[in-house]
């Protein structure tokens, strides 16, 4: 019996339906996050600042009712863009965002590396960008839920409580500022958490990295700022960089005496580093034609 | 005890070779880098703050160790003592040896403590030498650094014991550890009276002299310190209690890996 | 012979999932095969026998002693777990040496035992490579080596041949067979029937957490009276033989195939084989081959598991 050569043919056709393979990856990641014990608790706790700021909006419209308890000038309840900026860049919100990422994002790549699941992913018609996009979408989803959604809801409630569109008339770009900052935060935190998740096969290590880098960058920046009295050292902090860019987006004077462009560049560099590390760590199947 | 010693030697060898130990060693030397920068600040900064190196040692370097590095090292190594074996499914190799179960915990604790103490003490000592080397001949300075090393060591052991205990029965030990260290212990510092005494950090900070002035106050937050002897006894007692609890839990609990 | 491993109405639950149900078992010196499909409870039983898990109900005894929290027993137990996990940043030699030291052997003795164990499983050449770089077969052999290194009296091996190539399997099967000399005890689990058949005739069949049967393969087969035995014959005149056999009361079914093959089903194998030689002589047949296709573990397994 002769052995006939059987050549392999690569299928070069087009799919009938548009392929968005990152979506099932994102959906699975989000579902798995909610299945984790205590995640719902941590996630719910993250909405605490939103409720506090919502109460503040209510109070600001009903100050006359509380005149007996609150002196008008003792509370900064002027609902302007800076109010929404304060919500979005609140230390507690950022801290809880990182805690949420510890839950939902630490294992995104680490678990796949540990269980050699990348081979399973790339045995499907899946490109590396779809894999990364799907994983990033998980982190971005939760960050947007904590920033964009409450941000817009606060605007909505202000319009409702005030009974007028004054806020939007005076600051028409406010919703756009909220959207842009939320998108920036989501993109940065997604890249940040994927980068750190890909550095280890151990989810616990990745969790500690995600938390530790955030906290330590802040500590280090404050220490160096204190030692050298140079505001530039403030840019070592992840939190400060986000605040700087947020201030620029809301047309508010930033807290650090450093150009916001530097912060934007640092955040972009961080995201680029994340993309580069992921590109090296995630090896898809090579198709030889 | 001999069994625990064998376990300790085994894991000291494993831990010493691992990448994460090397990474933590590097991290533990960051305060040394800060110390070097501080010493070079007259060169690097046009208008350096008028504080002495001694001031920076007490207000910056030591608090960075006590409030951050000790916690991270203890959290990582402590939770890893049991969870790493369960998640890595290597626990069966250890349980199939003629070793009493408590000796596994004690041995791993000893190995983790040895690595952590080495990291902390080397870093602190090096930072001290950099910042206070002009007074290196003064025995009082050495007493200071020895005191500080002892405080670091005791706090590391206490946190390590706590997280070891947490790791024996809680799957999300890292999460609870982070909430405890950076949530509860920070928040409780704002509470007056006895509430402060519900934090390990309170007793640790009670052993470190409160520096004058409010510079770097974000690193220094302590009100109403407890007496030093009481603080030492509480920390040592908590270490023993947490470790004993970890031994009891580990001896009785079965660990099912997620197959 | 007194049993070395004993369980008394042993049951184990994982939450709502039943792992084992009232398993009463006695394993004596020699090699015993624990056979069952995936999820049958083999690994659960082995983990209970090695003190990794606590029984929910019932008792486990090894050499008459309870195994839970009894570290002294492990001087004479060697356990090879099913899962493929190691301290990846160590070499094979460091891994084995460390485990030998945990047994309490001196450094020199541990080194000697390590070399011996590595030689037994043909890992001497790769002993100084990181385990991370080992192939699947090498990792499996290393697992067997760590179970043998301290020269135990009792070996409990959970799927020891998994991932091995045919040569590797032959080597390990030889090791296990050699091990049983000197009144030693081996309990080896597998779901691959030929592997168990190659190791032993004493088997325990487990399915859905219950023991279906225990004993000699043939003995178990003989007990399955409800299922007729199948016999295959190859001769020069199968139709003549078939015509004759059809008249016999203990023959239930006869089928003539191509190339002289005759297959029959009989309700009484002993009577059939007692009668067969006289039939062959009477008909003056030339018989090339006689076999019992279902006188093996596969058939026993299929019948009992009910596939």
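Order of writing sets the chain letters: A, B and C. Residues in each chain are counted from 1.
Assume a residue touches a chain if its C-beta (ideal position, glycine included) is under 8 Å from a C-beta of that chain, and two chains touch if they have at least 3 such contacts.
Bear in mind the structure is a predicted one, so any value in this text is a computation, not a measurement.
Q: Return the chains shared as contacts by chain B and chain C, ordered by label.
A: Output, common partners of chain B and chain C: nil, no chain qualifies.
Q: Quick one: point me to the chain whose Cα centre is farthest from that of chain A.
A: Computed centres place C farthest from chain A.
Q: Mind checking the centre-to-centre distance between chain B and chain C? Centres are C-alpha means, answer in whole Å.
A: Going by mean C-alpha positions, chain B sits 50 Å from chain C.
Q: Could you state the distance in Å from the CA-based centre of chain A to that of chain B?
A: Taking the mean C-alpha position of each chain, the two centres sit 30 Å apart.
Q: Roughly how many whole angstrom separate the Cα centroids of chain A and chain C?
A: 54
Q: Help me check something: in the complex, which residues belonging to chain B touch chain C?
A: 2-3, 6-7, 9-10, 13-14, 17-19, 88-101, 251, 254-257, 259
Q: Flag every residue of chain C that touches chain B in the complex, lowest number first.
A: Per the stated touch rule, the residues are 14, 43, 47, 50-54, 69, 71-75, 77-79, 81, 83, 85-87, 89-90, 94, 98-99, 101-104, 146.
Q: Considering only the defined contacts, which chain B positions touch chain A in the complex?
A: Contact set of chain B toward chain A: 20, 30, 34, 37-38, 41, 44-45, 47-49, 56, 60, 64, 67-68, 72, 75-76, 79-80, 83-84, 87, 171-172, 174-175, 178-179, 182, 215-216, 218-219.
Q: Looking at the complex, which residues from chain A come into contact with chain B?
A: On the chain A side, the touching residues are 36-38, 42, 95, 99, 102-103, 200, 202, 204-205, 207-208, 211-212, 215-216, 219-220, 222-224, 226-230.
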